[in-house]
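Several structures are given next for inspection.
Both of the next two complexes hold chain A, though its partner changes from chain B to chain C.
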Partner chain A sequence: MKKIMAVCGSGLGSSFMVEMNITEVLNELGVSDQYEASHTSLADVTSGDADIFVTGLDLADSASHLPNLIVLNSLLDKEELKEKIQEKING
Partner chain B sequence: MNGILKVIVDFLSQPAVLVGIIVLVGLLLQKKSTDVIIKSTLKAMVGFVVISAAAGVIVGSLDPFGVMFQEGFNISGVIPNNEAVVAMAIEEYGTATALIMTFGMIANLFIARVTKYKYIFLTGHHTLYLACMIAVILVSAGMTGVHLIFTGSLALGLCMVLSPAILQPFMRKMTGNDNVALGHFGGVSYAIAGYIGKVVGKGSKSTEEMNVPKSVSFLRDSVVSISLTMVVLYTIVALAAGQEFVETTLSGGTNFIIYSLMQALTFAAGFILIQNGVRLVLAEIVPAFKGISNKLVPNSKPALDCPIVFPYAQNAVIVGFISSFIGGVVSMFALGAMGLVIIIPGVVPHFFLGATSAVFGNATGGRRGAILGSFANGVIISFLPVALLPVLGNLGIANSTFSDTDFALLGIFLGKVQEFIGGVGLTGLLIGILVIMIILSATSKNVDGNAKA
Partner chain C sequence: MFIEVIDKVNNYEEAIKMSCDILEKNEVVESRYYDAIKAKIQQYGSYFCIADGICMPHARPEDGALKEGLCVLKLNNPVDFNGKLINVFFTLSAKDNESHLGLLKKIADVCMNKDKLNIIKNSKNKEEIMEVL
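Let's turn to the complex of A and B:
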């Protein structure tokens, strides 16, 4: 099982919403048996925690040490998320 | 027979068990698989225990802060921090908190279903913290049993709908659509910032045309910002209290600066623990709530955490933090001059509320709106907690309190109403507010219908 982790400042609100969107996207892409989503804070995250990381544009600099980082222009846009996750999974 | 009854009561009156049962029922209703049910139920229970356990850590580091502050400045100082105060309250008020949170979310679904206010409040940690504050205030005023849970849940449910509702006109303007709402209990500050922007903003350019240094963005990591502020605050307070006082009464001989540094870091450690606990508790509750709301409330609008508006004005985020913090510092001196309890500006509330206020102020009134709107927020969140403290009962004397605008406003409202017209009167008033919302929805539906026809 590979992991996709959403990251935000406090690890409580925004990243949790993004995690729920990731779960939906994984279902839509039909890969929910290969990937699982979770969320955490900038303070807790380390590069080994997941295979792919997702964060917002406003935290892109603070999270730049993470490998396979997806930066979302809008935390709410599920289409953008879907596109970018698909890219990472296929590439 | 009494023996068995006592065991059952003991079992259910453990808040952690209660949370476990709530999650368990939720998962059973969703027909999840056994391994998911076991995993998630256990995690939620452990999360709750983590929060209570961390209370000891936070209190242990806040107590010496209070003692040193009193010694140094001859006045009490309070650090507003939701996590700290919730952890302190959860031991005594955990059962009421868990029940008010559960039924409050059901009240949110009900209100969204029967009125035109279709907001579903999905910022789970704020729901938990507000449920806790409501429990403390109502219990302190003597409310018990079903009356307590009913009134508390109704108050929470109303707040979960009304806070996003007053912000929606601004959100529509900012996002260009009506699909998403803001669910963050700084709501009144953001609305005020929006109105201030309207009044003062004529001709003011957007913050996004300014050059703002990005160097403070590392403060977005809440552990960094908390430990940094705490180290500065503890050092100042230790210096004010004096080396001799600290080393003889508190530190047991350890150098006073090193002692303060360790206490500051201990506070940050407690904060991390609590956030992890909250994350474990909410992991199943929020997605279930979202899933149910999608089914039960057609056309519902999710009300989401405040960083969703940050991309609309990234410079305003930085400007807002700084301006709000300055407002907090000015207010701190004003409170001191008036001889009131000092509310020490915390980086976390000033960051999130200040930034969001500035985004709203910028949307209606450019950089002037952003600066003045967030400054107003800084003043508001410094003065309101002073009025909140007396209604918090035995938690009013703690060295920490709730930090965000809507918490303080709702808290003062609940406390004062109950003081003047009693608990039953308060319940009646809340039902009255709901009835008015239902009537407003019914009449405006007709208006909409006419407009279409």
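Let's turn to the complex of A and C:
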């Protein structure tokens, strides 16, 4: 199972919300049997924790060390998330 | 859940402090919870702005959160938060990493629904906000 991890400053607010959206997007894309979503904080995250990382624009610099990073301009925009996850999965 | 509608504040710190004071008065957080939120903002900026006009200040359970809780502070006049204009503060307290999922779902549901969001942003009435949530 591959992992997609949402990351935010405290690891329990916005990242948790984004995780909910990732789960929905994975279902919509029909890949929920291949990918699972989770969330964590910038303080705890290491680059080996997941295959794809997702964060918001405000944290893009703080998270720039993470590989395969998706940066969301609008944190709760599911369409943007879907597009960018699709790109990573197909890319 | 605690809801407050006020006309305006001088700066975003005041709005967050006011929200934390309400949570503290109701024994949801300790006073140091506000300091932890301030420290997070200093470290990472306004990252908990989750939608247009909406932010969700919070710290971590170990930062003085006593139980799960939410204070909704609606400003009739938006305030600047690092270049973003904010008029709704969802100040959140979580006692662990998972149990506040229900509260987050409520907030996310409102933030992803333009109609509900507009009602809250334009409402001057606590009961109306409560109903939408």
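Assume the second predicted complex is superposed on the first by the 91 of 91 C-alpha atoms of A that agree within 3 Å, B and C clash if a C-alpha of one lies under 4 Å from a C-alpha of the other, contacts with A are read in each partner's own complex, and residues count from 1 in each chain.
Note that a contact is a pair of C-beta atoms (placed from the backbone, for glycine too) under 8 Å apart; a residue touches a chain by one contact, two chains touch by 3 or more.
Predicted model only: the values in this text are computed from it and were never measured.
The partner that reaches more residues of chain A, of the two candidates chain B and chain C, is B. When the shared chain is aligned, chain B and chain C each come close enough to touch A:Ser74. Looking at the shared chain after the overlay, A:Gly11 reaches both chain B and chain C.
Judged by the touch definition given at the top, the superposed model places A:Leu42 against both chain B and chain C. In the superposition on chain A, A:Met20 makes contact with both chain B and chain C. Touching of chain A by both chain B and chain C, each in its own complex, is seen for residues 8-14, 16-17, 20, 41-42, 56, 58-59, 62, 74-76. Remark: chain C residues 40, 43-51, 56, 58-61, 92, 94, 97, 100-101, 104-105, 107-108, 111-112 touch chain A in the complex. By the touch criterion given at the top, residues 8-14, 16-17, 20-21, 41-42, 56, 58-59, 62, 74-76, 78 of chain A touch chain C in their complex. The touching residues of chain B, when paired with chain A in their complex, are 122-126, 180, 184, 214, 217-218, 220-224, 272, 275-276, 278-279, 282, 286-287, 290, 302, 304-308, 310-311, 314, 317.
Put simply, chain A touches chain B in their complex at residues 8-14, 16-17, 20, 23, 39-44, 56-59, 61-62, 73-76.
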